[in-house]
Every structure is written in structure tokens, then in C-alpha cells.
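Following this line, the structures themselves.
In the two complexes below, chain A is the common chain; its partner is chain B in one and chain C in the other.
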Partner chain A sequence: MNGAHPPVDGAGAAMDEARACLSRTRMQARLWLAQRLSAAVLALCVLVHLGTIIYAVRQGLSAEEILGRTRGNLTGFGFYLMFVAAVSIHAPIGLRAVFSEWFSWRGKSLDWALLAFALVLAVAGTRAAWGVFR
Partner chain B sequence: MRLPSSKQPARWAALVNRVSGVLLSLFLPVHFWAMGQALEGAARLDAFLAWTQQPAVHAAEVGLVVLLAAHFTGGLRLLALEALDWSAIGPWHKDLIAVAAGASLGVGLLFALNVF
Partner chain C sequence: MTDPIAEEKRAMSRLKVSVWRGAEAGEYRSYEVPRQESQTVLDVVTFIQRYLDPTLAYRFACRVGMCGSCGMSVNGIARWTCRTHVTRVVNGDTLEIAPLRNLPVIKDLVTDMSGFFDKWAAAKGQFRSNRSRKDEFALVSPATPERRRADAGIECIGCGVCYSACDVVADNPAYLGPAALNRAWTLVNDVRDGANPERLRAVAGDAGCNACHTHVSCSELCPKQIAPTGSIAGLKRAVSLALLKGLL
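Take a look at the complex of A and B:
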């Protein structure tokens, strides 16, 4: 094909730009989907969490009361691990949209910063869930 | 950033959703650190919980509960808007915003009545 139709000047660069644009669009679509799926999981988790904290604070919080409810509770541990995973996905994607819109912060520096934030949430959240389970 | 006018409830709802999301994201690492105190023993967790018994901390907790409830109800509203046909949900849109706002404040009040 190239022999019959010599490349037009700049066609390669235009193709590269089109590919980069497609790649960015695909990434946006994946992030949108991840944001919505994590939101659906969080809707359930937040409902349970709100109910639990309103009930738990009635008699005043104590380590004995909290740990009595959580120590060795595998269902609770699994629930909080799911909660932490969903929020570690949801929060950084939401912040990405807000930072680009409010502060015009975009590009790789924002993506790396939010990836680091996602890791902090995942590690600190798992540590907290383990702390009250073990 | 320009604040919406009083006749733009949907823009207010979007702003509340974003602000609550940002504030909750900033709070999360602190919350995880606090619950992680349990790793250092029940006495350490109790010492932290004793510190939280101050009225100012309880007031901050009420604010956080309202933020969480507002982000939750606002998020449900957004999911409904995206999932459902606008012709079905459009006429109810402002009512949905009002219900979301009322439910968030109601949850905050319920928490306040229990924590103070």
C-alpha cells in the first residue's frame, strides 16, 4: 500500500496523536466504569456502616465494645476488606475529576499522585480492618 | 469557581457531592490510622476513644456523618440519573435533590441524638 500511495507529510504524527487520543478515551471509559461499579458496592457498604455507627455510639464507644463486635468476626472482616477495596478505587478517581476541573491539574503527575493515594488507602484500610479483627 | 444561584439546585447538588467527596477522602487516612490503633492493644484504642469524647470532636463527627450521608444520597441520585430514562426521572429531579438533602440532615440528626 505504501508503495502505491506514498505517506502524506505528517500522516504518521497524526496517526500517533489519534492513537493516543483513543487510548485516553479508553482509559476515561474504564475509570468511569470503575467509579460507577465501586459506587454501587459503596452504596451497600455505607448503608451498613451508617447503621452500625449510629447503633454503636448509643452507649458510648469503648475498645471492649468495638473489639467484642469485630474480633474473630470473619464476615465483618470480609465486609470491611470489600469496603476498603471499593473506597480505594472510588476516592482517587473522584479526586482525579475534581483536581482536573478545579485546579487544572492533569497528566502523569496527577495519575501518579492518585495512584500513591489509592495505595495509602488500601494499605492503611487493610491494616485497620486487620487491627480490629485479629 | 463560581457558586450556583439559588435557582440551580442541580448545580448545588453537584457541588455538595464534590465537596463532600473531597473532605471524606481527606478524612479516610485519619480514620484508618485511628482504627489501626487497635493493633497496639485495647488500652491504646481506649486512650484514643477517650480523647474523642470531647464535645468539639462529637460535633466534627456529626459533620462527617452528614457529609457521608450527603455523598451517599447524592451518589444514589447520580446512579439513578444515569441508569434510568430522563423522561421518567426528569419531572422528579428537584424532588430527588430535596429528599437527598433532607435524608442527609436526618441521618446527621439521628447520629447527633445518639452521640451527645
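Take a look at the complex of A and C:
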């Protein structure tokens, strides 16, 4: 006898469940951190974006003049890609809390739906940034 | 003919008290209670039970703000009733007394606190020593930052007022709540405790500290002037740091 206990029925399943639970906890903590970090990025991006809008309006720039400045501007394109990435991360995680608290919608169906929403935001945003860059 | 001044005095000297009767389903019943000097809300409830309706169920023990058993909702706000003077909370001459929110009602003003305390256990609220009986006593200076943080939350009496005041508990029944998280934070800062990586895991998920929306209702209403919101903010930082360091 080596002193080890024989495996108890269901012990393996319980361990698997405990691991899955820990993995979910880590993911939930990562989501929260991602939302906080993306909020910090958004705070900067929104200010720059609003400043750009106010500048364009006050200078009376036409659409053609604006496009003349954005086309081929890699800095502007990179900035808006970062903006789109922050929105695509931030908004779905915030909605996850709203849906779960207000409508009791929780679990995998919600996570998949919000992942799809994040992809829609990312694709639509990138398309818009590309549209004024190319 | 009645004397209007005497009649007004008599009316002013009485409280109109609505008290919740029943369990989850029930109704408010009205009572008239004589006003007294330095009268607490618990005095009012006790008067009703002793002189007007002996079937009224409520819970209290120490009457001096130590045991945390007399929490009730008074005019819609959670209070410890033994240390709440009527003059501070009365609305004209009316009081509405109900069981604490966010807890199942057993009867009248008595709530089932077991779920509340189960969450303390789920948040790993038990002290687990990192020393053996062969070690010397731990010498902990009260001036260290860790001990100061722990001391800021250590006086919790478990009355459930913060839990009842919390809108996140109302919206997310799995949420551990301010009291359990405050308890976890005191132990995270306890240098004698050895359960901290596990404890941070216990409070890191959707039901843990990150679910707090910082409404600050718990800190506003805590009868012991503890700020669970601050403790929860500390847990958020600790959980995020542990995550970044790969300890979670």
C-alpha cells in the first residue's frame, strides 16, 4: 500500500468542474480589466475625436477638404483603429453587465451574442476608418 | 366640546406606525404608539409587540448596537433600529417599518439571514492562519498600512444594512454583497492569514468585487461608519494585480 486513497467516484468530474469554474473566474476578471483599460483609452480618443470635429466645423472645412487630409494619413488611420478596438472591447462588456442585471440574461448565450456584437462594431468601425483613409 | 390645543398635543404625542405583517406576501398594518423622549425605532416595535399585538415577530438582542440583529427598513431606508432615534427618521408623525430588503422574509420583520452569511463563507471570510502552534505570536504593529486597511473594516457587526441597501444585490442575486467583500478585504490585509490567493479567486468573478457599481449606498448607511465601497475598490485593485502577475 502506498497510502494513496483510491479515486472516489465523481472526484475527477468535481476537479474538472473546479478547474472550469476557476477558468471562468479568470475570464470574468480579465473582462473587467479589459473594460477598465479600454475606458482609459476611450477617454483620450473621445477627447481627440471631439476636438477634431470642433476644429473641422469651426474652420469651415468641406467634406472634400477633410478627405484630403485623412486620405493616406497613417497616424489618423492608426488612431481610429485604436478607437474602434477600444469601443469594440468596452461596449459589449458593459452591455454584458446591463443585460445580466436588468434582464437576467446570463451564461453562454449572452457571451456569444455579445461576441457577435463586438465583431459587428469592429468590422463597421474599421470599414469607416478605412473609408476615409484609402 | 374638545379643546383643539389639547387634541393637537395628543395627536403630536402619538406615532402612526405601519408595520409589515406576513411573509413575502403580506400587508402593512397600522398602529398608534405613544411618543417618548429618546425613543428608538426598536422601542416602538417593542411597544407594539408587548402592548398592542403580541403576534408581531421581530429580532433583537443587545439593544446597544453590538449584535447586529435588529436591522429593519424604516421609512424605506435600512437602519439598525436599536440605535436609531425616532426623531431622526420620523416623517411628520408616521413611521413605516418593514423587513430588510434583499433577504427572504420569514415572518413580519424577521428575515432569513442564512444566504447573507453563506456569502461571507463563499468570499472566504474565515481567518486561516499561516502559522503553526510552534511559532511565536505574530507581532503586528497597528501603524502598518496593511493593518490600518484591515482595521478600517474590522468593526462590522453583520447587521445586513449594507446588503439591504445595495442595488447590485437586488439586480444580481449571486453578488456577494458589501459585507462579505468587506470581510474578505480585511483578511486580504491580514499578514497572519494564509488563504489570500484563494480568497482573491473567490471574489474575482461576476458575483464578486468587480460587480460593484460604486453606488456607495452601503457606505452611506453603514451604522458602524465602515466604507465597504472602499474595501471593494481595494479588492478590485488586488484582483487586477493578481491577474496581471498570474496569481489568479
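Assume the second predicted complex is superposed on the first by the 113 of 134 C-alpha atoms of A that agree within 3 Å, B and C clash if a C-alpha of one lies under 4 Å from a C-alpha of the other, contacts with A are read in each partner's own complex, and residues count from 1 in each chain.
In the analysis below, a contact is a pair of C-beta atoms (placed from the backbone, for glycine too) under 8 Å apart; a residue touches a chain by one contact, two chains touch by 3 or more.
Please read all numbers here as calculations on a predicted model, not as lab measurements.
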Chain A residues touched by each partner, larger count belonging to chain B or chain C: B
Which superposed partner A:22 touches (first chain B, second chain C, both, neither): second
Contacts of A:30 with chain B and chain C, given as first, second, both or neither: second
First, second, both or neither for A:50, with chain B first and chain C second: first
Partner chain in contact with A:61 - chain B first, chain C second, else both or neither: first
First, second, both or neither for A:128, with chain B first and chain C second: first
Which of chain B and chain C A:102 touches, first, second, both or neither: both
On chain A, positions contacted by chain B and by chain C: 36, 102
Chain A partner contacts - residues on chain C that touch it in the complex: 168, 171-172, 201, 204-206, 210-211, 236, 239-240, 243-244, 248
Contact footprint of chain B on chain A as seen in their complex: 36, 39-40, 42-43, 46-47, 49-50, 53-54, 57-58, 60-64, 66-67, 87, 91-92, 94-95, 98, 102, 117, 120-121, 124-125, 127-132, 134
Of chain A, residues touching chain C in the complex: 22, 24-26, 28-30, 32-33, 36, 97, 100-102, 106
In the complex, chain B residues that touch chain A: 1, 18, 21-22, 24-25, 28-29, 31-39, 42-43, 45-46, 49, 52-53, 65, 68-69, 71-72, 75-76, 78-79, 82, 107, 110-111, 114-115
